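Each of the next two complexes has subunit A plus one other chain: subunit B in the first, subunit C in the second.
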Partner chain A sequence: MANGLARALLRILQLWRLYGAMDVIWIARDAKTFITWYITDIVVNGAAVTATLLLAERFSGIGPWAKSQVLFLLGYAVLASGLLDPFCNYNVKYVSRRLGRGQLDHTLIQPQPIWMALLTEGFSPLSGTAALLPGLVLLVWATHALHLSVTPAWIAALLLNLLASAIIILAFSYLWGSLAFWAPRSAEEISSSALRTLDQLKSFPLDGLGLGLLGGLLTVLPVGFVAWYPCRALLGIEQSAYQLFTTPIAAAIISAAAILAFRGGLKQYARTGSQRYLSFGHRR
Partner chain B sequence: MPVPDRSAISASDTVVELTGVWKRYRQKQRSAQLREVVRTMLRPTVRTIEALRGIDLQVQRGEIVAYAGPNGAGKSTTVKLLSGLLAPDAGSVRVFGLDPVRDRVRYVRRIGVVFGQRTELWWDHSIAASYEWKRVVWDVPRDRYERMLGFVKELLGLDEFFHTTARELSLGQKMRADLGMALLHEPEILFLDEPTLGLDVLAKRQMLQFVKDLNRERQVTVMVTSHDMSDLEQLAGRIVMIHHGNIAFDGDFDQLRRAFSDRRRLLIETAEATAPRLAGADLLHSAAGRHEYVFDASEVKIAALLEQAAAQAQVLDVETHRADIDDVIADIYLRWQHDGKAQALATDAQSSQAQPAAPPAPTDA
Partner chain C sequence: MATMLAPLRRYTKTAAMAATSYVGDSPLFLADYLLRLVRVLVLLSIWRTILTGRGTVSGMTLGAVLTYTLIGEAFAEQLSVRTELGNALWEGSVATRFLQPMSMVGQFASDMIGRWCFGLCAFSLPLLLLSRLLDVSPQPASPAAGGWFILSLILGTSVGLALEFIFASLAVALEQPIWFIDYVRRAVTTLLSGALVPFALLPEGIGVVFTWLPFASTASAPLRIYTGTGDAVRLLLVQVGWSILLWALARWLWQVSREKLVGFGG
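Right after this comes the complex of A and B.
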């Protein structure tokens, strides 16, 4: 068991090294591409949180959230979604595109488990890190402005929650994306729609919503766990320290649901295969 | 897990074994009528397509098997079943004794797949980078990789574009690079689905020669599908023809010609411009005293046709030759289209090794 785990870990590292090198070779092929790629990505990620930032600035905060707390929320939200980018390139994050376009076949003829291929194939440590920088800057700035007591335990809680939020985003994409196993054409873009919904709502504090709506935003559309809920816990707005573990628990539940849906989809795929094939977007 | 050494591979002669394989697809039918929209939404009309109807097929180690049939006959479905991309509804698919779907990871190490209309190459990377990717992902030991790399580079002439990105290659170069990549892990069997699609004459010839060399030098078993019968005839010793999900013929190309009629062309040059009327032969065209006929040599003797011609005109010259394989196949497809007697023909074909079995109840797709 331990041996198998160690072998799998070594294999993941080996494949990450391969895909990492390919990513560097790709993006660093000329200076113009490299600079343009980074600048546009930073601008796009910055623009995504501008509306909330301006609202917080204009009204000195949003609801019970002070301006610096909103900044923290924004930094956290950008980092949580940005964490996926270095690991989920080549439409690994938008799995419905791969399924809908019949590109799963490329993965199935590789001699490795599907999870291993999906975990490693999208690794892009250079081209996928542009979103991390603005997120990190916002988070550090807000942490400083809020005079938070940054202890190793708090940093560990922050990292754990960031990871859980990123997993929730990915699991949500797979949960909806698995529909493409049954409806490849009409659900081809369902992962991007699901992620866009999370993206549009992730940077708003959800306090003050009715219980029913809030419940929906923590379950059916778990946008509350992308930033709002873990930030409340990290900023001490929630009363109990146990709340720091709510997001990781939610991540485990949503991941389990996504895995079940995806496995069900794989069985369907073995029965019907894919009747269509589109080449674009698979190998960049 | 590294690629298994060839010495560890079972020496059994039968490498591919399909037994009573059924595959059905459900296809929703769309109405063109607006008033039908609500009904089809609530109760869609579903048509079941039987892509494979209980086929039995065996392929021996080292064979090159051409797998042919008209569009929608079930060729690609078979290749997908053999590549582990699809599971049969009923029956069993075994290659090297493995189930391609259940034993996928172990199995795909031993096979190579090339789909003519898609590429495994990394679009924005050089062929060299794609090949290195293949080495790592397939975990091919360095020495075996280098040996195979030298082999494919030489035989496929990859040197001239080895450091060019896939997106910049011509279709023929891409195809050669794809084929080379499929071989880097030394597969024991190669599935080629329309490998010559879109290639020019030279690229096609190079591709076919390479597959032949590969089979001869390394005893790699090859299953190839194509619509180009001349390609298949150049390449394969055996042809399996599939029609409406049944194996309609299984034998060599000469047997195929004989089984479905021994079609021949007869070219007669006469002193007169008018073409003689020959009972038992169809006139294809006639110009300037040269008249071309087609006839079935198993039913009509050439001597009888010449006798008829000589009685009607002054014969100056005569040529006869076998019909091109493409014509034979076109004829067969046409006949199937007209009378749907594939099964009867399969029974007629003495060479047919695999008869469609009595259909088991297929599981619903």
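Right after this comes the complex of A and C.
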């Protein structure tokens, strides 16, 4: 058992080294490409939260959230999404594209299990890190402005919640994206739609919402767990300490649902295959 | 008469094919509309949280902001023009488009309008009918504002189409993947077009600068006219100006990039 685990870990590291090297070669092939892609990524990730930032500036906060608290929320939101980029590039995050285009066959012929292929194929340690920088800057800036007491326990809680939020984003994409097993054409871009909705709403404090809508945003469309809820816990807006564990628990539940959906989709795929596969990797 | 109508028939047929293409596979496209509905519900709630009790902010009441958001979502496809041009370049199918006996702009525009027809029936109309339940007035500030809005929407579409061809030409000229250009464009224009947040609610100075950018002519201008929070004549004139300027630029860029299109795509 331990031997098998060690072998799997070693294989993952080997593949990460391989895909990491390819990513560096691709992005750093010339200065123009590197600067264009990297700066653009920073601008795009900054733009995603600029509207909320400007609103917070204009109204000295949003609802019960002070300006610095909104800043923290934005930093957290950018970082949670950005954490996925170095590991889930090349449409691993947008899984419905791979399924809809018939590209799962490319993964199935790899000499490793699907989970390992998906865990490693999107590894991009250089090109995928652009979102981390603005997220970190915002988070550190806000932490300083809020005079938060940064203890090892708080940092551990922050990291645990960030990881949980990132997992929720990925699981949500897979949950919706699995529909592409059944409807490859019309659901090809469903992961993008789902992630775009999370992206557009993640940067807003959701306090003023009605209970029904809020319940939906913490279950069916878990945008509340991307930043708002964990930030409430980390900033002490939510008083009870167990709230720090709500997002990780939600991550476990949503991941389980996503795994079930994906496995169901794989069974369907085993029966029907893909009608959209073309040998050069594009769709019909 | 029949000879005169023949070219028009080509475009209407293209639009009809695009409109019916939605239901060709499965009803999953409805999930996209569901996500849009949730987005507008959240945005409406957020505006209520921020603006309740503040009275008029930079000439906008809470009611006007809610109408702005509702109409912005109902006409989202018209206020953020997207055609199949990007996909055609990406897939390489643009080559066959050149062979069709129709103008390039006309082909993509009629395809786009066909898709709009479906979206207007399946999402925009139900959303407008739901507006009373959401406690939002869907009506324009005045009948005149409603009339100017239609004209402004047409001009905004013209600016949006020109931008579509400019960005596509840039992707070709700069030899960058079309999805990369689209990724940047989508991120930047959401803020700069005023579709998400009315410029009046941004910090003073920033909103004023954004008003003069071409992206504002695609969404902010029609929505401000609809809600009666902008000078209609001035906004329309700015839209006309951008439309003329951008179409000249789009035409030139398309011409100089055209030769490079041959080797582009999958």
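Structure notes:
Please note the rule applied: the second predicted complex is superposed on the first by the 277 of 284 C-alpha atoms of A that agree within 3 Å, B and C clash if a C-alpha of one lies under 4 Å from a C-alpha of the other, contacts with A are read in each partner's own complex, and residues count from 1 in each chain.
Please note the rule applied: a residue touches a chain if its C-beta (ideal position, glycine included) is under 8 Å from a C-beta of that chain, and two chains touch if they have at least 3 such contacts.
As the structure is a computational prediction, the values presented were derived from the model and not from experiment.
In the superposed model, A:273 lies in contact with subunit B only, and not with subunit C. In the superposition on chain A, contact of A:109 is made with subunit B only, not with subunit C. Looking at the shared chain after the overlay, A:216 reaches subunit C, while subunit B stays out of its contact range.
Once the two complexes are laid over each other on the shared chain, residue contacts for A:25 go to subunit B alone; subunit C is not touched.
When subunit B and subunit C are set side by side, the one touching more residues of subunit A is C.
When the two structures are aligned on the shared chain, A:14 is found in touch with subunit B, with no touch to subunit C. Those residues of subunit A that touch subunit C in the complex are listed here as 36-37, 40, 43-44, 47-48, 50-51, 54-55, 57-59, 62-63, 176, 179, 182-183, 185-187, 190, 193-194, 196-197, 200-201, 204-210, 213, 216-217, 221, 223, 280, 282. Interface residues of subunit A facing subunit B in the complex, by the touch rule stated above, are 14-15, 18, 22, 25-26, 105-106, 108-113, 270-273, 275, 277, 279, 283-284. In the complex of the two chains, the subunit B residues touching subunit A come out as 1, 25, 77, 80, 83-87, 89, 101, 104-106, 108-109, 113, 115, 117-125, 129, 132-133, 136-139, 166, 365.
Within the complex, the subunit C residues that touch subunit A are 22, 24-29, 31-32, 35-36, 38-39, 41-42, 45-46, 48-50, 54, 91, 176, 180, 183-184, 187-188, 190-191, 196-197, 201-203, 206, 266.
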